[in-house]
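In the two complexes that follow, chain A is the common piece, with chain B as its partner first and chain C second.
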Partner chain A sequence: MTLTETTRERAGTLFRQHGALVVLGVLVVAGTLAFDTFLTPANLTNIATASSFLAIIAIGMTFVIISGGIDLSVGSLFVLGGVLAAYGSQYGTLAALALPLAVCGLFGLVQGVIIARTGMAPFIVTLAGLLAARGLMLSLTGEGATTYLVEDETFAAIGQGSPAGIGYPVFVTVAVLAVAAVFLQRTGFGQNVYAIGGNEDAAALMGVPVSRTKIIVYLVSGLLAGLSGALNAARLSSGVTILGIGLELDVIAAVVIGGTLLTGGAGGLTGTIAGALLLGVIQNLINQAGGLTSAFQQVVSGAFLAAVVIVHRFLSRRAAP
Partner chain B sequence: MRAALVLAAAAVVLTGCAKAEAPTATANPADAQAQQQVVKSPSAPAGGGCTIAQHGSPKFDLKSAVVGFSQSEKEANPFRIAETKSIKDEAAKLGIANLKVTNAQSQFSKQISDVQQLIAQGAQLLVIAPLNSDGWEPVLQQAAAKKVPIITIDRKINARHCADYVTFIGSDFTEQGRRAADQMIEALGGKGKVAILLGAPGNNVTTERTNGFKEQIAAKAPDIEITFEQTGEFTREKGQQVTEQLIQSNPDIDGIYAENDEMALGAVTALKGAGKKPGDVKIVSIDGTRGAVQGIVDGWIYAVIESNPRFGQLAFATAQKFLDGEPIPEKVIIEDREYDSANAKDSLGQAY
Partner chain C sequence: MPGRDAPGSGAGTAGRTAGPVLEARDAVKVFPGVTALDGVSFSLDQGEVHALVGENGAGKSTLIKVLTGVYRLDGGEVRYRGERAEFGSPLEAQRAGIATIYQEVNLVPQMSVARNLLLGREPRGRLGLIDFAAMRERATAVLREYGIDVDVRRPLGSLGLGVQQMVALARAIQADARVVIMDEPTSSLEPREVETLFAVIAGLKARGTAIVYVSHRLEELYRICDRVTVLRDGRAVHTGPLAGLDRLRLISLMLGRAVSEVRAEGLTKFAGHHDSAGEPVLRAEGLARRNLLRGVSLAVRPGEIVGLGGLLGSGRSETAKAIAGALPLDEGRVSVNGRAVPGGSVPAAIEAGVVLLPEDRKAEGIVPTLSVRDNIALAALPRLSRAGIVSEAEVDRVVAAFVDRLRIKAAGPHQPAGELSGGNQQKVLLARWLAMNPKVLLLDEPTRGIDVGAKAEVQALIDELAGDGLAVVLISSDLEELVEGSDRVVVLREGAVAGELHDDITEDGIMAVIAGGGHG
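Up next is the complex of A and B:
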């Protein structure tokens, strides 16, 4: 950002940062006016709880994308985390949480090390991670035929309890968001993430620990995907094996709609949360409308994603030198 | 370059929407009655059924009630098209004005939030075609809190009868597997190598169709060897892909048991591609879609065991019985027909 920022650039930045939030607001108002079953506590808490699993993963993905990378393994780590949590629950609450975090964290760590140390493209490394994690999940469950049930009551309560009508997953999301926001905006680590996403070579020359930062970013992404999977298993009381296919694309969509640039170097977490909620609200509104088939949800989400990218492009295009 | 990636991602999201197959018109209105599901067992509700008093649901008039129907898979295969149509048609026939239909597009997380939303929208009766048998806890809790009766169709939910759901209406999938095995034994003369195209993992349909088939083969035709098993996930393209691999790795295969018609039709395409002639490999499948019955007429498929998707009439009749205070059994098992070369041509009109 320079001092000679043009109006258009400023408008671009504003749109990028708050566009999703504005559209979310517009949709909520429209939904309230159009359907009397939209703005009810039950419906809103359903949207919030259902969106929280996507949001937790999207928080990790925001770090990855700001650093200029991509993590395609999160959908597989989500389902693997769920299966491991359900499997681990027979050994108690701690095992149910520790097992998915350890394994998914390890996946993230290994991917990060490979990306940082060999310079291989994150797209390919995490695509390999996607396949490996799903393969591991299938081998644990007899090709998906075995569904482990959550045996531990305390663990199940983490997913199912809802103090004041709001599910624990929502509280977990808020807590993760708060911690992540502090790290991203208030620490040297956060600055490093932005720096290597903006210009990796320049960042390296300035003494930013590029490798270490990248490794941490993929580790965090893996951990959060595992956490989200574990929470979801607690909510469903079982390690459902058919989840998470294509979830990474929804997560990337939420992050990009939220204003984080896929080219890295710019973006933020509030936009990501707005993006995740936006996908949930679009789905809810299309169900409310009833007559539309749910294929429309994908059309609308896809069209919205395309619109966001086009507007970004248009508003942030610099004057020709 | 990354911009291209976004576009690629957007394209994936966009093309994700189902390319719905146009439902074929019913050939003969006189067949309409014959196509409806018939209850096989139990003919009279056995003791220990679930009554509305035990369940705790308030009584309501079905016509003016809000009824939610949650479909599991994309309506890209004939079974799902026929199933949803049957529910909608029957609701229209009974004058149920407020039927809300959702489709989870094969995403389980979406199905959970779909049904939760139906409950939040005030659904008084839920008809669910579950994508997966486990993982329904959040829905069951909310439904129990509001005393909303749940009827599951075509697949089961692993939960407690009456406390969690009123009844399951569907076929006896183990029996379908056994009948498919009988057809296979007949086709091969009791001897040969057979491959199984398994359905999607994680639900009772696949497990039971597999178990029934294997039990019957083991009991009646020990000379038939099952040499290959691989999931085709109930889809045509996966069925084709797996069969292509099968022909490469086991060229001497004599029969293929496909756990649904879509996979069987994929297998037919793969066999054609490999230069096989109709009847070289005996295919037996389950469902009774028009494409598969046509496959029997054309000589590619040996036999099809029906799995009737027309749940509408039986589902709402069961709901009405429940509201009238009759005890409802845990399972309502429907009767399925079978198609082979003897009746396929004449029965095309009854296939869906």
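Up next is the complex of A and C:
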């Protein structure tokens, strides 16, 4: 192993782990210089709150992608969770939270069981989940015509309250992140997720409970999508039915920009959070600039995603074949 | 597990009286179309090293997989420590104390060395969370015992194959195993690492651990194994002490041929030297690549087999890859029949008539899901088509000719290549390149990991091809093969030519050059 190769290897790892964070820092500096209104407490908490819904789902997605899978159902589960939360809120705060978690968790569980036990491709199974969850949501809302309003004040406060100017969703995100990070990095379960994504056959031979780990991963992803949907419903005071189309792709983009490899086996949660915030900052800057439609954000995000993948590919390429 | 005694306590003969620690009785395993195990009985005693040998397809891998819970038996039973055992998964077998080291390193390349080594038994700190500092410390200490000094935080995949194999070994053994099964453990090790491995095996044996040792390298078996079981066509044809078993007798048991026949034909199938007059067809001059090659030159005449000797990492494979255009060069040139071949381009090399049979059949050659026919035709398709339309009849004809000529044993041309034995896969690859009408054939470890019988056939084929006027470069870690197969041997050391042997090629001579004496 030569010096240059090691340096390149290290540069690749560093970029993968912290690239999103660095770019995030650069964008924040650029935003501060360009717009007086950017680096204000109000705007920053705004970005944080707006990003938290995506970030919560992305945390679950990080587990899925590190395990070598993909979960396309999260966008649909996010909307379904919102509708169920608004519907459940007429029976109290607990129902508003428990209903989406139970149903979305069940979706994730069933998908996980199918993927783990039959060996079917996660892409297909969760695509079916995407369609099924959206169909269920539409049938609950009369083809999307009915919008349930949040009836419960306490539940609405979870989405709208902002102690010290910071919205509750941000606190929830931080809490979810902390728990998830401990599980991913410091428990046997987390090690198993990495091992399965890295080399599933080897993991099985090393004694990793492959099926169980996969099931848990999709369960967690479903639960977090439901939680995020519920929080969003609380914030909007209603179960809006037209959201979440294509959200799964934004989530995957955040995870990949954050340095998690789509091939599985490597990645982490700090990157994912940086990736989610990065998408939020790009959106915010485009809004601030005015003149550009918010759809332009997708162009920028897409270009950035491509850049990340290319740079990573370049840095991780071996010096010799 | 109550009453579980420490692995070290039952050492020596005390444990042996208790009967075999692991046993298969009349084991039957049937796959669609094949009976892989046809009533095999196998028993393993405490503290013994038991060799398991046989040709590819004899049932060794299947037997191992049955013993370790990968496959379920279709008949018979497995007994572990005197009781009937039904392991539902490798995990269960591992928990019960049966550790397995597979031929291909079965670890997770993206994860760090420490994580790979300790996956599933990470040292825990407060709240049952993984203690990373302790993990690094323990991993470093464990590997040092195996003579490996690496930064355990690095991804395993960034290290050499030998090191990876030792990590796999260390991982398997630190789980206090009663039985350790090693499937071709030395195939990617260097001689020094092999010695370390043998020392580890001796230590395990002294502790009373039973070892199943699968290898094609007979010298190794005779060095470290106590008993041997020979499998042939899914049956155990012989079990007994290895000491006193004649080497030729062992080979004849594996092949199912008479001793006299083996003796008459020798251990390798090379006929001897060829007439190799005339101008070299292949000339490689001053091949250099940073860190890998430092000015290697080589010339091969038509009909000549030139062996490339040297240790793992000496630049043998890299030289072949460079000639075949698969390794970009910093300096140096390759020419065929006096015409320069543009470097760094595989298509250009193929166009010039240079083809490479790579070392790693699985990763770099065979497409397992494609049929034998398609695998053979793959590279030659452009030649077999007119205006981009492939002539099926022409493909069939070419494939049939090569299946016949190379004696490829397959159920038919449409059998997926992945289902063939290693030796036949190698022949399929050979056929693929021969279909290109090459002038120069580069063979990187053409007989590694294939059984004795197929090995002899491949060697005979190489001989034939040279006899037909092909220029052959042969890379092999098997010195015997190099000595008997080559007309000349060029020995590499640290990316440069260290010496060359012409008329009097011996194993000792090659080793002397590798070691830095003699012809340097």
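Some notes on this structure:
Basically, the second predicted complex is superposed on the first by the 311 of 321 C-alpha atoms of A that agree within 3 Å, B and C clash if a C-alpha of one lies under 4 Å from a C-alpha of the other, contacts with A are read in each partner's own complex, and residues count from 1 in each chain.
What we mean here is this: contacts are C-beta pairs under 8 Å (C-beta built on N, C-alpha and C of every residue); 3 or more make two chains touch, one makes a residue touch a chain.
As the structure is a prediction and not an experimental result, all values here were calculated from the model.
On the superposed chain A, the positions of chain B and chain C stay apart, so the two partners fit side by side.
Residue contacts after overlaying the shared chain place A:Pro209 against chain C, while chain B stays out of touching range.
In the superposition on chain A, contact of A:Gly144 is made with chain B only, not with chain C.
In the superposition on chain A, contact of A:Ile252 is made with chain B only, not with chain C. Contacts of A:Arg186 after superposition on the shared chain: chain C is touched, whereas chain B is not. In the superposition on chain A, contact of A:Gly60 is made with neither chain B nor chain C. Legend: residue contacts after superposition of the two complexes on their common chain; A:Gly108 is shown touching neither chain B nor chain C.
When the two structures are aligned on the shared chain, A:Thr241 is found in touch with chain B, with no touch to chain C. A simple residue count on chain A separates chain B from chain C, and the partner touching more is B. With chain A fitted onto itself, chain B and chain C come no nearer than 16 Å, counting C-alpha atoms only. Shared interface residues of chain A, touching chain B in one complex and chain C in the other, do not exist.
Of all residues in chain A, those touching chain C in their complex are 1-2, 5, 9, 182, 185-188, 191-192, 194-195, 197-199, 201-209, 261, 265-266, 319-321. Of all residues in chain C, only 89-91, 94-95, 100, 102, 106-111, 115, 119-120, 122, 128-130, 158-159, 171, 289-292, 321, 326-328 touch chain A in the complex they form. In the complex of the two chains, the chain A residues touching chain B come out as 37, 40, 42-43, 46-47, 50, 53, 70, 123, 141-145, 147, 149, 156, 160, 232, 235-238, 240-243, 245-246, 249-250, 252-253, 256, 262-264, 280, 283-284, 287-288, 290, 293-299, 301-303, 305-306, 309, 313.
Considering their complex, residues 2-3, 5-7, 9-14, 16-18, 20, 74-75, 100-105, 107-110, 112-114, 116-122, 131-138, 141, 200-202, 206-207, 231 of chain B touch chain A.
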